[in-house]
Structure formats: structure tokens, C-alpha cells
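What follows is a single structure, written as C-alpha cells, with notes after it.
By letter and in written order, the chains are A, B and C; residue numbering begins at 1 in each of them.
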């Protein structure tokens, strides 16, 4: 299950049924749970003076090719990444996290359960991302209000919020539960729960409940938990179907 | 012509004079035409349950290093990529396609002949890109009008259109023949042929014919086929020079 | 110090104490100074018909994994890159340059000393970047005023300027000394020294001296040299502390 071209430290701890692809480098201080697949050209456990402790990858995870993970971060079970993701130290992430191709997590961040980061997302240090959040391509979460400086205040994205493509969330901004940030927005102020903001600078547009599904049904598009269930655990979906639109984990 | 460190499946079909670089992985279900160069660290033919059929790469193609192609896509002759491109399944692309460094093609898309995708372009599923289109860095073609959802309606970019840097094309939008989308625009409505739009949201600015070349000539900058011919086939250029500004292939 | 899986040309010139990581490719026409570390999966000295001359990497440099450098560029001592950077030919760069993860330098550019390019920055050809400049994630420096064309006029970023996340600098624009471009801006006109611009299109907001530090001190945030010194040489910092806010190298 370990490709003969891979270089795996004898100190790395691999669970049962772990596959390590061709040309991988698995360093010391890496612990990978059972039933994981690490694809080709990945380097896991890159050393850094900024963190102690191992890189922990939960069971049933898939890390696609050309990805780089530093030591000192913890991922719950069911992590799935795209290709070429970069993940630095001191990230604490829950279970069932998806990180899209080319995404760059700068470390020192908190990420909840069932979070979906699409391709080419940039998560600055000190970001807080709650459960069930969606972040779409080319979104940047920033942290320095007057760069360059030593001030570092990450954004907070609350549960079930969705941030559409090419938006920037400015330092310290809080995006409320179930809110929607429209594409190509620049968000300088807090976003109230269950509202839509858009533009540069982003302004209040409407309540999320006023957006209709463009599938011919004319049903509300939000809360999205009423119509979008792909990839979520059946017990969570059951709660959504039972009216708990914003069920907690 | 195959570097000794490369791992090439005996089932892969390589044409004449194909070069495979160091540390490449060429899987089953890959067919590469004659006179192609696959640079180092590339993985071709990544398996996926979402597609059957092989990855077909036309003759005279160049795939630069660290690129990943899934199986189930077809590329005509003369494909040229930058480094680290990611290309998923079920893309049907014509001949003489260029895909810039870091670009991410999400699959399930139609791409015409002689298309130019510059660096770091993101092509969402269900996109339609016609012949002779130009798409510049950090442009995103989206497909979900109210994310997350199961609705997926890609944009259509018609022949000879150009989309400048850092623009987002929203779901289902049609950018007309020969149109120009200015840099950093957010395009929510169809763009009429031969017009310029720009801004967030993008608005009509002028006809493309009103833009002058900044090369001292004061000639029109559009149709660009009157002054820009680099890399196109001589027979196509001849037709442009003969007054067929928007010649069809 | 050279990993046994690396492929290093006997014509490459390596200084003392140079480390070459696993699966690297070091071609002819590469000269690496003393005390450098080249991490895994890097390819240095990629051939191109567009440049003659070697790739020169100054001493005490660190190139992180999966990076690609073409031949024909020169970097002073103390270069530090993130992962997966792409650096093309004919770049002339000073000492102590930082290039963040995923950044794409298209070549044919001038870069001064002590420049900081953060993650995912795109530097088009013919850009001029002076000493002590900061460029933040997803910034694009463009060069074609009416794409596609043969006109190529890069921006000029003067010393100590800072360009915040997701901004586009349009062709030929000059950003003045110590100026600040706000996040998500589209800069079509020259920016006066020591001013702040922001928006799409970017407009004058205020003098940089009017921005206060959000660290409780209420001191000015600019010139940033009064409070931010991390990683700069002590002799430069001493001059800043001595009142030379915009000291020349």
C-alpha cells in the first residue's frame, strides 16, 4: 500500500489500510488514521519552528496529489482535499472537511465540522470558520487591517454561511449564521445572520429567505439545508428534513 | 524518451516521439498522440467514477510540469499547458488550446478551437467556450446561481470574446461574439456582441470598435484579429487579413 | 546534502552547504550560492528559447517545494519562496526577496531589494517593483491595455508601497512611494505617493498618514516602517528608527 518510490519516515504512524502514493514524502511527526489515501507527490509533516506536535489526519481521509501539510495541525475524520493544497501549522479542524484544489490555509485557524472550502480559497491566520460553512473559489479571508503590521484579527464565519466566488472578507469581520455573501464582494462590515450582502463595498441586499431556487420550483433557495444534502451524514440530513434548518453538530 | 523515474502503465498508448519527463505517472486509459512532450511530475489519467473512457491528448501537445489530467476528456492536437494545471473529466476541447499555469478546469465542459486560457483561470462545470476566445488571469466562470445547490448552469463565451483579469462570469451568462469584459468585472447579464462591459456589476461602456490601439497607430484595437496573429495557423491569419474578422473554423 | 532521488546536472554549479531535496530536477545553467536549501519536487533551470544565460540564485536562499524556475533570471542573496512558485526567464531581482506560495512571475521584470510578494501574486511581464514593496494575495499586475495585443506596458510600483489583497493594477499605472492600494481595488490611474486609493475603479481616499494603527496605540499606521520591522536587516531598521521612514538601500 506504500508505493516503492515514496519516502516514509519510520517514525510516522500509519493506521490500517493506508495508501501512500508515488513520490510522497511522509516525515516524522505524522499520524494518519485508518483507511486513508495519500496521493502522489504529497509531502506531509513539513517541519516548522512555529509548531510542536504532530500532524494528525483522521481516518477515512483522502489527500489528493501534490499537496503539502505542515506538522502541528489536527484534522478530524473524513478530510478530503483537492490537488496542490497547502496547509500550514496550528490548524484545528473538525470532521468531514473538504479543501479544494490550490487552496492555501495559512495556519493558526479554527475550522468546524462539515466545512466546504472550494478551489483556490485563501484562509489567513486567525480565521474562525464554524460548522457547515461554504467558501467558494478565490475567496480570501484577510487579517491585517493596515498591511503590513503586527495586528492580526481574522474574520469569523458563522455556521451555514456561504461566501461566493472572488470575495474578500476584511479583518475582524463577522459573517452571521446562514448569511450569503454575493460573488466579487468586499466585506468590510459585519453581515447580519440570514441576510445577503454584495458589492464593493458589500451592502445589504435582502433577506436570504427572499431568494428563490432557479430550478423551476420557486421554493426558497435558503436555508440551503432544505434542498442540498449531497455528502452530508444521514443523521444530519434527517434533522434538516425534520425542520432543524440550522442543526448544530 | 521516457525518463527512467517515470511510471508508465503498459496499457497507456503513446504515439511516436513522445517524451515523458521525470517522476511522471501515466495511468491506464491514456492515449497520447505523436510528437508530444509531457514534462516532469505530471499525472495523466487519474481515475474517477464520474467518467468512463480514456484521456485523449492530440498530437504535437506540450503539458508542462506538475500538471494533473483525469481520464475521460478529449483534447485536439496542439494542446499547450503551463505548469500545475488541473483538468478534470468530461472536457471536450478542440485543437490548439492553451491552458495557463495553475488553471483549474473542473470538467464537464465544451471548449472550441484555438482557445487561450491564461494563468490561474477557473472554468466551472457546464461552461461553453467557443473558438478563438481569450480568458485572462484569475477569471472565474461560475455555475451555481444560489450556492450551494444542485442547479448548474454554466456561462457561454462566444467566439473571439476576451475576458480580462479577475472578472467573474455569473451562472448562465452569455458573453457575445467579439465582446470585451474589462478587468475586475462581475458580469451578471448577457453581454451583447462587440460591446465592452466593465465594473461591478458590469455595465455597458461602449462598442469595441471605439477602443483605439495604444501603440501610436490610433487604429482600432478590436477586432483584435486585425493586429494580433501570434501563434495562429497561417491559413486562419490569411482569412483575417482578407477581411474575415470573425472567421469560423 | 543532495537527496539520492534528485537529478542534478553535472553542469549545475552548487555552492557550499547546498541542500537539494527529494525528487528535484536541477538542470544545466543553474548556479546556486552557498547555504541554500532547495526543497522537494523543485525544477530549476527550465530551458526556454526566450533567454540565454543561467539561473542565478544568491546565497542563503530557500526555495520551497514544488517550485519551478526557468533559466535566465538573477536573484540576490536571501531569496525565500513559498511552495509551488513559478518564475520565468529574464527577471532581475535584488536581495532578500520573498515570493509567496503559488505566486506566478511571468518573467521580463525588475524587482528591487527587500520586496515581499505574498501568496498567489501574479506579476506580468515588464513590471517594475522597487525596494521594500509589499504585494498581498491575489494581486495581479497587468500589462496589456486592450487584450490581446502586442502592446506590453507593465506597472511601476515605487518603494515602500503596499497593494492589498485581490487588487488589479492596470497597464502602465504608477503606484507612488509609500502609497496604499486598498483590498479588491482596480487601479486605472497613477496613485500619488503617500496616498490611499480603493474601490473599482480606485479613487483617492485619504493620505496614508491619516490611517491609525488598530492596536490601541492610535499611532499612525503609515509609514509602516515606524512599527513593522520583522525580517529586515538591523542596519535598515536602525535608519528607520532614526527617522528615515523611506530609507533607500
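Just so it is clear, a contact is a pair of C-beta atoms (placed from the backbone, for glycine too) under 8 Å apart; a residue touches a chain by one contact, two chains touch by 3 or more.
Keep in mind it's a predicted model, so treat the numbers as computed, not measured.
S.K.: Over half shared or under half: which fits the residue numbers at the contact of copies chain A and chain B, same or different?
M.R.: different
S.K.: Fit chain A onto chain C over the CA trace and report the rotation angle, somewhere between 0 and 180 degrees, nearest 5.
M.R.: For the C-alpha superposition of chain A onto chain C, the angle is 120 degrees.
S.K.: Could you tell me the distance, in whole angstrom, between the mean C-alpha positions of chain A and chain B?
M.R.: Computed from C-alpha means, the inter-chain centre distance equals 28 Å.
S.K.: Enumerate the residues of chain C that touch no fewer than two other chains.
M.R.: Answer for chain C, listing residues that touch two or more other chains: 5, 23, 41, 66, 84, 102, 120, 138, 166, 200.
S.K.: Which chain C residues qualify as touching chain A in the complex?
M.R.: Going through chain C, the ones touching chain A are 5, 22-23, 40-41, 65-66, 82-84, 101-102, 116, 119-120, 134, 136-138, 162, 164-166, 180, 183-184, 199-200, 211, 213-215, 221-222, 224, 227-228, 230.
S.K.: So in the complex, which bits of chain C are touching chain B?
M.R.: Residue positions touching the partner: 5, 7, 23, 25, 41, 43, 46, 66, 68, 84, 86, 102, 104, 106, 120, 122, 138, 140, 142, 145-151, 153, 166, 168, 170, 186, 200.
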